């Protein structure tokens, strides 16, 4: 969890810029003997790729993954898996203005200031959301690890639960619905409302924020470790590291501030010889360790700052300027963050599964 | 950020249980030549210690810190600083029931399950909030590092901004007020309301959650690193690792989900030859890197699960049981989390300051 | 393996200076449920402590270990084990000269230069060999972990195999002998020769170097990982980190440079249904991974630079000076390095055992 | 320094197998603004590549490096530099026997045992010395970092100082000579002797070991850190992680065991206002910290186990077998280890330079 590497025993390192020749990751620590083929990784990448509806950027990237190492005869060998995705949609265009301007809400100024004036400004360079493709690829490997090691597998699903002020009706939650609309909404009715709302946003050249919820089922009890290796602390870092994320919560999250101890603590009863919880305010984590209930994480994604309205910015030479963004952008980048959140959940759980096995057996 | 160690260049490792002979931490990576005495560390510990008002636990712990290494003639030598706090209020009592019961909302069950039935159940053992004393001690060292390295120093302040449903009036924010009431409220009027509210909670043997806000001023632009060393990702892990925290947000946080791109992106103008932001929705961080504005973090603390009402739990031998907690507890543990949040902010910034200096100079 | 922390899953952090109030370590990552008492740790510390013969420093330190955390009812809980050893033999003396002088062969100058003139010069401060007591204490915990996890246990023994130019007769190797002489010599005859040799060194106020060999038996095949987590790479770092060590080799070591491929490669035959090696030039490690044979490490310890002959040094203010060391010193510090080498072997193996279990199961 | 990653602030991760589509590395932590082009990296790779004399393997690999990320307009941006080298000489051949046999002296058995029977046996897979090409590429970046940050640059040179029993005459040392013979010998006369010796080895289908010395000049005083971040401990790990290395020593190394304190400690005198050492037994490191003298590391490389004489091995199914290796191999793999040792020296120094700057400034 430093530089461009995430994780301890199961870890990955990403590299690449938006408009360079390629981007990718090295996934290290995978147990041997797990069957993976490129098509399985591609499956998850395809869910994230742009251009799948009018509500996401129309930039065309096939995002085809190549496996360069770490596999032999279709199985993991336990050595590093190098995954590469070539950048293909690198339209030649004049980057002149973007090179000299700091766009409000973007990382232009901070990269420029940190790296002493050196930055790849083309498409956001390293700060581009294209980097999340590498996360999704690594997440696909992590899912395989989880399903290989945990009897019955660990199911990880994400959904959009809020767009702008519009929240889903949680009583109408149906996981099957998330595949039926372009928003990953688990509530069909809200998806219809969002469609109209987002068309308005899109046509006006504006953008909106969103909240994503990711749930992991069948997580074994005992993952996570006190005190700086808490499962929730690692999940918080994982989700906050995704582009544009500004908040993370577990279970009842910020609502837990409003609860009393009576309402918040999940009571327990024995059921079929096992500990059973009567509610899940904890989001499946107590004391930083998984309870065996669903692990529930929610994160907020800010609206993209690439909008059509002129905004006040400054130039690299210290001049005030009005910045206008043109081109292909997401009216709600939160939509494409759903598969990324799922991937990060898979990665954190795979790492903790191996770490737990290392210390405890 | 694994096991019981946090940080990279500036890092600390904590140890100790609630009812063992002592607890403490080893702070490593401190630059040499910084004057620190035990009284300075004690100053911050005293702000956290119990028994300072009727609204926090009446457990009496002087929490006196001893410096065992890493200092010479009053200055840091650059070698590990070992800090120890003896546990003194270890009332002999019958732990029989707590030894055999899993209390709802506590980490009893998860520790027991993870560590194969071995756990120090006295006072929560390792999961006790007493561990946060070690964080505050380490944070005191971090503050010294920040003030040593950054011209003008970095000022870090925390406040309680919500208790139960009761939020402060942000227009009435006055930092001077946080020292004038037992809640660290920056709004005098709300402190009065909270007093009545919390007396009710306390007398009924219940508890309530809270939200804390921590602000760092004069943070240099450029701290943080893409992509898994983002400043906000490390802050999220830091705050989520504090006992009872269930959510973390930066700047506008979850509210950013409701904003449009126009409202969210902080516009810029040159002012006195420097980049100046017209708002701070970003909470001082863009692309994982500090902007030079105030770094603003908020986190939610759940209500303690130690309440007087009987709650459904189970025993280690698989029996249903009604759990009643008696004894000295905090009606709002969020109050004592304020100095802890400040400490974690200081630690994250100190680590990032050294990491930035290492890579960039 | 950075700063003052060593290891990944099983890791320890040491702290303390020669003449501070105490020194110690925090051992983290220990599996739960292992019975350890202070007497077992003390057993290994006693083997290292000074004053046991006329051939080691007469400084009197009882080196009594206290367990401050991580144990409950006599068993490890899986949380950090804090071990502390108080410094008791802190004779008040005039440190005036040593404060201002850089002694040749010591770390005085490098510490002073690195840490900008701040250093605890009393007894070498942090660079004192007293720090190795903390390693031995951590190593005692590591031995317990190994014996807990590996059926039959892992036996780790060290011996002095060379003092000055005088090497043992390897054909006379008898492990039982190492306990019968003050040098840990496995060869009784050589011990007699060394006794005379070292008396001469000691009486002349000089010192001599030595070579130590540490052997681990019953190490499971498969520990270690390509390529920067190789078992031999970690052993090399572990041994080289011990004070005064200038060389490390595995198996045939530097002699392998003189061999042909025919003589070097250990041939294999099946024996009782298992792979059996016909020799052990590899020292139990191939490709960075343990073969199941004895793991054999050797390291060279330089002679202490604290000798009675005046030596050319310089002062902190840039004056030439003749340095004379007086007081209690080891004529052959290699002797006391034997238990330290054993401890580091145990620590590296414990870490790799957990890491292997994490990735592979 | 775990898995396939080496280093802390300046770190690299390697991936790839001998006969996969490509191999490479991700170099992270590079300061921004350093001019590097592919030709500079290629320069160092060309020194390592096979087929340059009759004394190294005749396998033909152009080892052409591609820079995939981390550079913009010819300069480092501070983000990860992904370097890839395609494998081109993948002759189709029957791997049948090698798939089923454990060759003595190779990592066949240990990989098979560790990774539960899954291994890429083609050309040694991950354990192939081809991986060292990635180290040399990373080392090329490290050299640029050192020369960018240290006034006057840090010069790193390697030489073969022993082949079989034949050592160079150190009095005849001439760095200019290392480029004039196929062995990197600094002594022209010994090169002639080695030529005859190695021709004999080569023609008989045998192999020989060697010792390499790597020297770094103009290293600033103060690099390295107590106690598990010692410069020599990291160098030991770095060199021992190179394929076939069995021993590492610093300065006088194992010879220091034979010295007295009088002979071993490097005396000091002031010269031109600076501390000057009268000898360099320490190899430029005291207490784990650089002294400002040349940093001198030596490491022993065993003879390759790929020889023409049949050797006793076993099969994966537990049968005894006589193994005969045919094909293109190095009679003295130590020769090609010289550029690799230089690269690892550069990498360790770059990491420590950034770490020192981080903590101290």
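Going by the order they are written in, the chains are A, B, C and D; count residues from 1 in each one.
Heads up, the rule we're going with is that a contact is a pair of C-beta atoms (placed from the backbone, for glycine too) under 8 Å apart; a residue touches a chain by one contact, two chains touch by 3 or more.
By chain, UniProt protein names: A, B, C, D = Chorismate synthase.
This one's a predicted model, so the numbers in the text were calculated from it and none came from an experiment.
Undergrad: Counting C-beta pairs in contact, does B-C beat A-C or the other way around?
TA: Of the two interfaces, B-C and A-C, more C-beta pairs touch across B-C.
Undergrad: Given the pairs A-B, A-C or C-D, which one repeats the contacts seen at B-D for over half of the pairs?
TA: A-C
Undergrad: If you average the Cα atoms of chain A and of chain B to get two centres, how far apart are those centres in Å?
TA: Whole-Å distance between the two chain centres: 26.
Undergrad: I'd like to verify one number: the distance from the centre of chain B to the centre of chain C, where each centre is the average of its C-alpha atoms, in whole angstrom.
TA: Whole-Å distance between the two chain centres: 39.
Undergrad: Based only on mean CA positions, could you tell me how far chain A sits from chain C in angstrom?
TA: Roughly 45 Å separates the two chain centres.
Undergrad: Among the residues of chain D, which ones contact at least 2 other chains?
TA: 3-5, 8, 14, 29, 32, 78-79, 114-116, 126, 226, 355, 360
Undergrad: For the complex, which residues does chain C have touching chain D?
TA: Residues 1-6, 8, 14, 102-107, 109-111, 113-116, 126-127, 131, 162-165, 201, 206-211, 221-230, 232-241, 243, 246-262, 264-270, 273, 275, 278, 281-283, 285-292, 300-307, 309, 311-314, 318-320, 334, 355-356, 360 of chain C touch chain D in their complex.
Undergrad: For chain D, which residues count as touching chain A in their complex?
TA: Residues 3-5, 11, 13-17, 20-24, 26, 28-29, 32-33, 66, 68-70, 72, 75-82, 84, 114-120, 125-126 of chain D touch chain A in their complex.
Undergrad: Hey, which residues of chain B end up touching chain D in the complex?
TA: 8-9, 29-32, 78-79, 226, 354-355, 357-361
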